[in-house]
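So that we are looking at the same thing, I have put the structure below in structure tokens.
When the chains are written out, they are named A, B, C, D and E in that same order, and each has its own residue count from 1.
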């Protein structure tokens, strides 16, 4: 996988002094960082460092008690999941959050729900716009299926899939929304080497092919250093490092807090 | 075994997304429809038409309604009968109070009334889930029956609270024979079942299932939880409402609020569970099972009694029937918790793979 | 094993069973209930009716030589199942169903149009559609003996007599505790009309189904301090009401129940709290009547009989069933007078019902003098009586305390005719002209 | 004002009676996550069996023991025949199964003991306490007070059972985490058997009290419906919740019926508790004593 | 003037004119069967040809085509032919190094490849192939940052522009084509030596295609699944020559992994598969049936007996008793029909197998369940067209009658010699080899030993050079023995030795799937292929197979001496990546003998165990050393009984 030049552009997401706590327990303390367009931005840190909480703040599942979020120039106190999705932020979850009762295809199709405009009455008679939409979006979804090489499981209920494939389907669902920013919460957790390689390839392909900005949380340092442009390091809800992989690698605080311990 | 699918390939997404993607299924469904629409009215006697098939279809419709809510959108409801009652009384009042209203319009309006009531009682679903919600829907059950009894307006001040449904008239033709009522019911149920199938295979249905399976993930991909849950309540209730209207107009002819009791809600829920949660087909299978089982047991009882030459104490057979009914339900849940639809599915898969086991 | 095979064979012949009926038989469907909350009533009434029919078969060899047959069908007091039972049984027997006792107001309503269409008389004794007493509009429906409105006026008459005359009712306070259902509400208009007529005040207090808890209602009663309480209860509501009355110290002998509140099943569970309670009834309790003795002799002595618990023979519900049986048999007998001693169709039985007269003398012949009121049905009047007796619970059994008290027909009949006319209008029925009926 | 208190006290006392039924639900839900709709039918079954033995002339306490035995057999059979095959099924399936069980119990009870109602005298009269009436003009039933006392004793003994005995502690472990309980070697099925037995015992007590109050008849099965709002309010998993919920429901429904009922035509007791519980849920979705769940993503 | 249908581009034009709306090509892509009609295909080819022209591709040049069976790659062949160029399809799974020789040999300047993987190989080969300048790829996936390569879409775009700028140019180019022009160059895999480019003319291939189509009455309404390597002559015959001749529909599977599913979906009417595929299918059928319930197994056994008894006869239209016919009809409903359906063979009218000998039992199995499976015989040099088995006259041990227009002679040493229009024009730049294989009479020397039976059917015994003699002087036909062994589902591959020796010994490869399944059912634990192969229980299993073969051989006259006396089970699967098999999965006997000489010595030396270390090469080029102690087992042999001659 040769590193190729990416078109890292302007800052599109800026988080300023975000603090979040649950019933007195501080999850995030005064965190600021930004994400540039088209870059791969990694968030790393030991377990409980607040990485997932950070993503949940970005797409509005959690509401920070303090701080502001600036997305595409718009300053907000907090997001809500629907608005985040509507403004082009998609994500995957640390623990697979697929719709277990549905097939792979339907799962990915839900990713396009936001783009479907047909009224339920039109859908009930399966006519006109509703039918057309279904077919058009199916074609789109098939491209994603092809892209992520999951053709063979298209009609399989997701519950029957092995873990690695479920992760891939989740990525597909997120991609189906054609997001401009993709939040990946440990996309490679629990995978074997081969699956990790595949996932890395997909993440980079997404980034290159669609120009999608990617914010990812990952434990595997090798992966993080290989594929990310810039890395934010969190520890106990605080930011302790920020910069290119090389910079972070040589950051003393980071080494002490994180890289020092065996991972 | 009967499925010969080799050579049935899909050259377009339209073909691939058909409800019945296998040619043999299409033929079977076509044959079934012809049978139901043509052969049954010609062959079946009045008892079968008016006492078995018509209620079966009506309950299937109610079960589809509940299945939309419980099976697809994952919101457990114990208030089905209440929504049916709303539909029945609404249709009655529309026909009564709006002179010359076409019956189908009255049915649609009845469905809308039920939908509105459904939305009202669906509001708690935004905050609460599972059994808490189920028990909350009981409030709808009790409240609606109470209100219909309490306010005489609903029953046109009938002294007994019982309403007599008006005649079904379509384009000047009065539907009053058992076969006519059966066909009327069948048509409505078939159309609505198709519409339900279409809904659940389009974005609305996927949104329901997404919310059912994992609501946080659903909201993160941009599905509005409130809209989705309430739409499920509305559409589900509308189906139940139309079923209720049919129950009054095409089946019993007269209904009283108490007829739409908790027992009926449970019966519909049984249909959904036994038929198969999240399956339109299952709604029909479940309705057939729950409608036919007691009748079968009841018919079989005296025959067994005579056959065995036993003199059972009175009430013995009735109680035994109840026990067998309950036991069969438990048995079914244990043997196939995903319902008859799953059994059907498994059977079909087996036939498709025949002679291979997998 | 053999019998099991037989049973299987029987199962296999589902539906074919109808053909096994011999020809000289008159079929009576027993569309009733033996399970559920109202099973006590259903099992008692159908027990009495079936025992009576069996007794007639055993003692007299049937009616006019025609043997009576029956088949039970469980409705669970559920309209839908009742309709299914009716549809299943209406064509049975050589001539179809003689008549149907749905024993449920809801089922009765559902069957009115079906019975009219199928020509099967619907007989509802002491329940059902009150305005069906107007036989001009409801030729096929027979709410025989008495209806809710009639009995209610009789109750007021009774209260009046206790107070020392109807004029003494003025200024009295009556509370109507009713089951909060269509059934319970049915007498409210009559009571209101009577309150206006006689100048007493009436307060209606509903009890939600099933009536397990009546603390609030009886506290309200206590606050109102009425002179009389009319209890329009159903099932468990009755004993709980009596207990409730005891709890607030309201005298039980000032509570007057309807006949669905006046059976042993309603008083026994209340224990001592029921002592003194008065209820109306169109039949009385007791097993000393010759007709009951005949049942014991011809049925139970041969080891048959419907009642598992023989102590229930002679109870209110059981005897009510015997009344059902008498009415059924007498209607058949009457019809046979006109159409001959052979199995008759529902249409012929309808004539029998409409022209049915059971005089005091006939009652005596039947061994039922004082057991039920004399009956005279006509085209105009499908009720045929309307009187009730009042009975008081003495802690062990019901004691009759009045003779037949007739209803306030002047009040009730116009209400019935008005209601029936409304129905006729709604359903586009031209009422019969009774003067032209034979 | 004394009328208000009379209504309130009457309501609280009948609330205790609701709690008694609700307790059975809580016990089973806590230990096995099963929402046992058959609890009402168990109450009916227990009461009918008990009164059946009594009417056969069996001595009171012996009849009690016999019935308790029957309930134990019933509980164990339920665990064995209904729950064990359904283990790991979704909650709704188990719930449905208990509705099926309701039918079986109803049929079985009436098959064995007939369908007519019975009176039950347990030696406490359901009459006003004279001295209170004299002193305050309020009627407080001896029976209700006794029932409240019995309920209190029952709750206390259950609380002791849960906190002091080995089995009780095991039960709590099971309630907290099935897997963990299994891991430390607690035989889950045995625990469930015990829970159903205890629930059967609670059903018997409730059945005796309710039976003595209203007569032993089919309508006892409807008690389940009275218990449901209590459960919502108190939380499915909380014994104190069942008590407090019962008191709140009992008192508020009586007050509503008396003071609110007349405005809407009365008879609102049927749905008022549900609506009350519903409104309460909107504020606090996990019930009064329920555990708050945070969705972690 | 009568339309000339003598070159492939003209055939394409013919179909585009005659049946423009008829589906010509389908491809399973994005979940559905994307379909192109003949007129669309003609347009695509035209655009492609013009695009190539615009890039400078000219008459007489060679166009390398590498990839899975993709419609666009098929079209490129015709596009090259339209320009008078010569397509050179190559085996897509070969590593870059393997391409170098062919690319250089054919002086390739232009290559059309499937995807990034193949592009990478081309780029890797480029430094050693100075001529290679233009690479065009079909699948743009992952190609964003590649430079110096063209996308297919781009090429076609360019072509359309070119076409607009030069109206009539395409037609003129097509018109310049001559039937005697070389239409395609196929490299023979060659069991020995470097590959040779076989030059085949339009005329040759069209003659072969036409003969085949008329022989089997193929029409435009037939359809086939194109899933075999495009570089293989058979695929070229079916998916290009017969496609363009008959005008039927070719269907390209989604990927190599989904062939079975795709086969089932398409349900082709005309099907070709090498014996190995049929073997694997049967093995799978048997394995899957073993998991079936008792009733199904009983039904299956019962009706397979019926089918064995009369199925093939019914298919051949021979007289069969009424009872059997009835049973067969019932079996058809319950077993054969569903079986054909799940195999995707419901609609098959004609199925062929070739490339290696097929076990008679295997062959009979398919015919008995109503699949008209036949054998054909041919080589790259003969457009895969020499003998065909006619419907209704299928002899299991023969490869059929000479095809229309083919003359056959048996030459010296039993070698089969053939002559006809379908013969190659020459070996590319190898006049020596050309002269060696085509004699003065115009007969091509096939290198196979065989004979014509009384009815004129050709029977092939073995490769002429492989037929050897045992030390005792008895005839030794290793292939024959190996095929017998390979018929057992447990045996995937076998190599028999015996030439010049006293007895026959054999290497066996077990079938991991079949034997694995067998082991699981017996609760036999094993850690991997090597471990499984060396289990004594497995040896026992294989020994039984070997002994059964021996018993058969004992009845086959001269071949009785070829009974396998000793055998061993190899610790690894023979693999094309290790050069042990050809790309068409034929055993490279010499190579194997050399590589495993130590094992052969052990076999003949009477040792019971032999240690061996082997280098294994993985797909990605990595290698690994596998060491094992191999057991050697003796098999029972039987005295020769004179039943029938081999």
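Just so we're on the same page, a contact is a pair of C-beta atoms (placed from the backbone, for glycine too) under 8 Å apart; a residue touches a chain by one contact, two chains touch by 3 or more.
The model shown is predicted, which means the values in this text are computed figures rather than measured ones.
**Q** Hop across touching chains from chain D and tell me the fewest hops that reach chain E.
**A** 2
**Q** Under the document's definition of touching, what chains do chain A and chain E have as common neighbours?
**A** B
**Q** Using the mean of all protein Cα atoms as the middle point, what chain has its own Cα mean nearest that point?
**A** Per-chain C-alpha centroids compared to the overall one single out B.
**Q** Could you tell me which chain lies farthest from chain E when each chain's centre is the average position of its Cα atoms?
**A** In terms of C-alpha centroids, the chain at the greatest distance from chain E is C.
**Q** Using the average of all C-alpha atoms in each chain as its centre, how far is it in Å between chain B and chain C?
**A** Each chain reduced to its C-alpha mean, chain B and chain C end up 35 Å apart.
**Q** Distance between chain C and chain E based on Cα centroids, please, to the nearest Å.
**A** 89
**Q** Taking the mean of the C-alpha atoms as each chain's centre, how many Å separate chain B from chain D?
**A** Inter-chain centre distance comes to 32 Å.
**Q** Pull out every residue in chain E that's touching 2 or more other chains.
**A** Residues 31-32 of chain E each touch two or more of the other chains.
**Q** Please set out, as single numbers or ranges, the residues of chain A touching at least two other chains.
**A** 61, 93, 97, 138-139, 142
**Q** What residues in chain D touch two or more of the other chains?
**A** Within chain D, the residues that touch at least two other chains are 106-107, 110, 114-115, 265, 267-268, 270, 297.
**Q** Under the definition above, what is the set of chain B residues touching chain E in their complex?
**A** It is residues 1, 3-13, 15-16, 353-358 of chain B that touch chain E.
**Q** What does chain B use to touch chain A in their complex?
**A** Answer in residue numbers: 12-14, 16-17, 195-196, 198-199, 202-207, 209-210, 212-214, 216-224, 231, 235, 278.
**Q** Give the list of chain D residues in touch with chain B in this complex.
**A** The touching residues are 35, 81-82, 85-86, 89-93, 95-97, 99-108, 110-111, 114-115, 225, 228-229, 231-232, 236, 264-265, 267-268, 270-271, 274-275, 277-278, 281-282, 285, 287, 295, 297.
**Q** In the complex, go through chain A and note every residue touching chain E.
**A** Result: residues 4, 138-139, 142-143, 145-147, 151-152, 154, 205, 208-209 of chain A touch chain E.
**Q** List the residues on chain E that touch chain B in their complex, please.
**A** Where chain E meets chain B, its residues are 26, 31-35, 264-267, 285, 288-289, 291-293, 296, 299-300, 333-335, 337-347.
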